[in-house]
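Each of the next two complexes has chain A plus one more chain, namely chain B in the first and chain C in the second.
What follows is the complex of A and B.
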């Protein structure tokens, strides 16, 4: 160990409670983090990467613990340190930020108070209120947020996802930590915000000479920020090295597959899909304004979610609607499906006016437009068997139960699951498997349009690639037209024939996928392209296309 | 005029409008409740005129007709209802023909005792429930949690009157620590302070008996709520900040875990006022519960209607209070309610 070494984890195993599916969550894991460097810990869900980071601060779930190995920080073994020592480290010399900034902040306390709490806990003797307030504002300013005084008085729900994560970072910086543990800090954010947060982490790290252990499942992120990389799988380290070594010359097959899974890393082998004809679904001049009451004493707030948007979708075509959170892309998807009614505008489906349909005819039309949602955990009824969930739709439309269940089993097999999955409950499946179930459920009704609302955003990059592949196959088999709503241009590039870029309820640019990537005309589109993680390393579909074109 | 002053002017107007809107709703709800009360009371079999006549020993038709005319009982129900609602709007609760007093004076005489009993029982149940539930929640699975769970289940399963009687047997009859019944010791000259102490001693047993079931409910509810909050991400954040367990419980768990309790307690506070009848009977507590009971037996419609009305106003007021408390505790509420 050199004096540069800040954190050294050696041969650490974490035991799981008796009765778990395996005895150890992680086994024999060794890694180091030096001062002034960013180490990325990469792996899929369940690889043990999060457990490793939590073990450092001993924030492991109940009944799990470090069974063997040593964790040394600044030369002291902290794996067996007592509780008061650990408390001093937590939020002091070692701080941590988490994946979901909304749930990681106390919903009932002002964010300024939550930052102040961290300062007060670690400052002896207790500082004056003025000193704490001044420090809180300095920290908030330090993470690039405007108007620190007003912001400190906000509650978490009043902030955007990016702002919340900045607050989390400000809290983590409160006591000038030597080591920052960042557990998937950008996974819940959209691409542009992700870029800003990563840049902020990198800036703070460089300014303070901090060591950072950043956990991610996305090699794009790794390429952007990491100095060194540690790859984990099934609780073991499979490969580690400098970012150049690992990315350019991966040795382990698993690492290779993870790198290959990064959207945009693959070349676009798209043949012309020969999409012609009249639009199947034609939306013209859609407008939707949400009016939210602000409690008793405030005037209601107006949000123009969708403004004068027209969109056509031809049979078999896939159109990606791309934009940040709040751009109105999901509202547009719901308007087109008539899950919500537009204020003005028209939607025609197969030549018929969707908005004037009532009763049975509307029901028959709805059958043809199905949706897959973002969160595969919330989208399935936890007390309904998977088979019933899939067969439920066709049965409601008159298919005999037996036939519907047979179809459901066939569909399950088609989306890559066992037929026996039909008689199991959603909680028995992983996120990726659940999303496959959701796709099967949507397709059971044999729709001609599938709306995928951020359908792969909650999934690991590697699982994402598999689900995208599945969708690409299914749309050919079933002649599906797709509206693919996403915040991630990389993902859109993987599957879309045409891309529509939305911002603040309006379409800023639309065109063929390749055209958008090669010649983005709008500044916002360029910003989105620029925000693609790992763009320098993976070149991105645009650059690849450009090379191909020039060659 | 600056935009700020327009805003503040608009804000005052908005507040006035909101309050006016609330008042209109309040009056409407009270009138609907009063109508229901009227229908309910008159659906019960029995004729007040006959009861009064029976009391005075005579029951000839002429007297009955005279009584009915005197109290407006000979008119059709819709007219009686209209008359009644008219009186409700003018805050006139009517006159008890049985007691020969205004209903308002009867209620005012009994109301303080009931409010004292229920408020004490409610506070006791709520505070101990929150404390015990939190203790059980943070020690989930340990023996102290198991013990608290068993005790609260026992309390929950015990009939209120039986618990009251057993407490009397133990603390009044056997130990002679506390008075067995009544509101205040009669016939002893006392200073104000002594009188308050005396009422306090009389209050303990009925308040504890009344609180028991609710205490059990709040303990169970708080326990599961604390467990729920303990596993949320922001508790991990608090831990990662280096906070001590005690501070995490007080600053981060308690307030979040109390949200469901506030909802349930708000609904039960109203029910508690009406639910005190049994306890008031067991402990001869001179409150509204006894008044209703007697009025029911005597077909004393004006008293019944008056008590019902006062209780419904209390319930509505408590609901408003709950909403306000909820808003204070949870800043998200006004946003959530609108979306």
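What follows is the complex of A and C.
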């Protein structure tokens, strides 16, 4: 071990309680983090990457524990350190930021107070209130947030996802940690915010000479920030090395497949899908304003979620609606599904006015337009068997139960699951499998339009690629037109014929996918393109050709 | 199945279940244990407990206190269960309608609920039984009428929470009819807290019935614990056993039901049950 080494994990195994799917969560994992470097720990869900990070601070769930190996920090073995020592380290010399900043912050305390808490806990004797306040404001300013005084007084729910993650980072920086553990810090954020947060982490790391262990499933992120990479699979390290070695010259097959899965990494072989004719679905002048009451004496808050949006969708066409959170893209999807009623505007489907339909006529129209939701964990009824969930739609329209169930099994096989899945409950499946089930459920009614609302955003990059592939196949087989809502331009590029960019409820740009990538006319579209993680390494379809031309 | 297993491992819940089972067995076997009418004089009045043939003594008219408790258990349990079912039917229907449809429907339903919540429950029950007449069906009806508002509130909150969930929206998009969505998708996911509150409502129904009987508003043809305490209250200083034993019976039954309810709460609530 050299002076430079900050954290050294050697041959660590973490035991799982008996009855788990494997005896060890991680097995024989060794890795090091030096001062002043960012190490990325990459792997898909279930690979044990989070467990590794949690083991460092001993934040493991009940009935799991470090079975063997040593974890040394600054030369001291902390795997067997006592609880008071660990408490001093947590938030002190080693701090951590989490994936979901909303659940990591206390909803009932002002954020300034929460930052102050971590300062007071670790400073003996307790500093004066003025000193703490000054330090809190310095920290908030340090993470690039405007107006620290006002911000310190706000509650987590008043902040956006990106702002909350900045607050988490400020909290982590409070005691000048030597090591920062970041557990998927940007997975819950949209691409533009992700870019800002990664830049912030990188800047703070360079300023302070910190060691950072950043966990991610996205090689795009790795390409942007990492100095070194550790790839994990099923609890074991399969490959590690400098970022250039691993990305340009991966040795392990699994690493290769992960890199290939990064959307936009594949070159775009787009055949003309020959889409012509009249729009099948035609939305004109849609408006929706949400009015939230704020209390007795405050004026109600107005949010113009969708403003004067018109959108046509031809048969078999795939249109991607791209924008960051709060751009109104999901609201637009729900308006078309009639899960929300628009204030003004019209939606015509196959020549009929969709918005004037009521009761039974509306129910008959619904089967032609189906939706796949973002969160595959929330979109399935935990108490309903998978087969019943899929067959439920056709049965509601009068298909005999036996026939519907046989269809459901066929669909399950088609989306890549076993037919026996029909008699199991959703909790037995992984996120990617559940999303396949949701797709099967939507397709059971043989719709002509499928709305995919961030359908792959909650999935690991490698699973994302498989699900996108599945959707691309299914739309040809079933002659589907698709509205594909996403915040990630890379994903849109993989599947869309046409891209519509939305911002603050308005369409800022639309055009053929190729054109948007090569020739974005709007500044906002360009900002979205720039925010694509790993753009230097995994260029989008446009950039790759530019690179080839210059070579 | 896993719910049942974790309930079997819940210590206080199991104690409650045993006591409750004992009360149920007592109630069911009352006609064989005490074949005589509990209203019959079977011995001398004012016999203390452990007198000949009278374990728990006799009351001021020479009736067997033990027989009264056994037969009273039937009445208490029947009233507790049926009146709770009544309030469940009213409360869940109103709460589900309000929570699912929202808006104007919700406003109207909740104002009605509040109307019932502002009237003191027990006084309304007395009023209802006094006007309709002291019959067991009227007592059940009165208890049902005063105890549904909390259930309606709870059901409404659960429905409002679940209505916006994506799997419910998916069912709507699948073309399922509103009634199917409510009964098959939302209700099963909302039922756990309703069962728990319902089980606790059984205990409070037994208490209301006892209180009504104590005030002489119980069915005069049926022996009940509340009536026994009410009748014996004037002689409590001379003959403590006449009111203490029925009182203990009420205490044990209500406590047992509460323990079972708490056990159900811990096992049906995934966040608590997963910890064990």
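The rule is simple: the second predicted complex is superposed on the first by the 544 of 551 C-alpha atoms of A that agree within 3 Å, B and C clash if a C-alpha of one lies under 4 Å from a C-alpha of the other, contacts with A are read in each partner's own complex, and residues count from 1 in each chain.
The rule is short, and it goes like this: contacts are C-beta pairs under 8 Å (C-beta built on N, C-alpha and C of every residue); 3 or more make two chains touch, one makes a residue touch a chain.
Fair warning: this is a prediction, and the values are worked out from it, not measured in the lab.
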Query raised in the report: Is the arrangement of chain B and chain C around the shared chain A a clash or a fit after superposition?
Result: clash
Requested in this report: Kindly classify A:366 by the partners it touches after superposition: chain B alone (first), chain C alone (second), both, or neither?
Outcome: second
Report task. Figure out whether A:396 sits in contact with chain B (first) or chain C (second), or with both, or with neither. Result -> second
Requested in this report: Considering only the touch criterion stated at the top, classify A:104 as touching first (chain B), second (chain C), both, or neither.
Outcome: first
Query - Partner, of chain C and chain B, that touches more residues belonging to chain A - result: B
Query - Touching partner for A:337 - first (chain B), second (chain C), both, neither - result: second
Query raised in the report: If you stack the two complexes on chain A, which partner ends up touching A:433: first (chain B), second (chain C), both, or neither?
Result: neither
**Report entry** Residues of chain A at both interfaces, chain B in one complex, chain C in the other
**Finding:** none
Query raised in the report: Can you list the residues on chain A that touch chain C in the complex?
Result: 337, 339, 363-364, 366-367, 369-371, 373-375, 378-384, 392-393, 396-397, 438, 441-442, 445
**Report entry** Complex interface listing, chain A residues touching chain B
**Finding:** 57, 59, 87-92, 95-96, 98, 100, 103-109, 117-118, 121-122, 155, 157, 168, 171, 292-300
Requested in this report: Going by the contact rule at the top, pick out the chain C residues touching chain A in the complex.
Outcome: 165-177, 180, 184-185, 188-189
Query raised in the report: Contact residues on chain B for chain A in the complex?
Result: 10-11, 14-15, 18, 232-234, 236-244, 247, 251-252, 255-256, 327, 329-335, 337-339
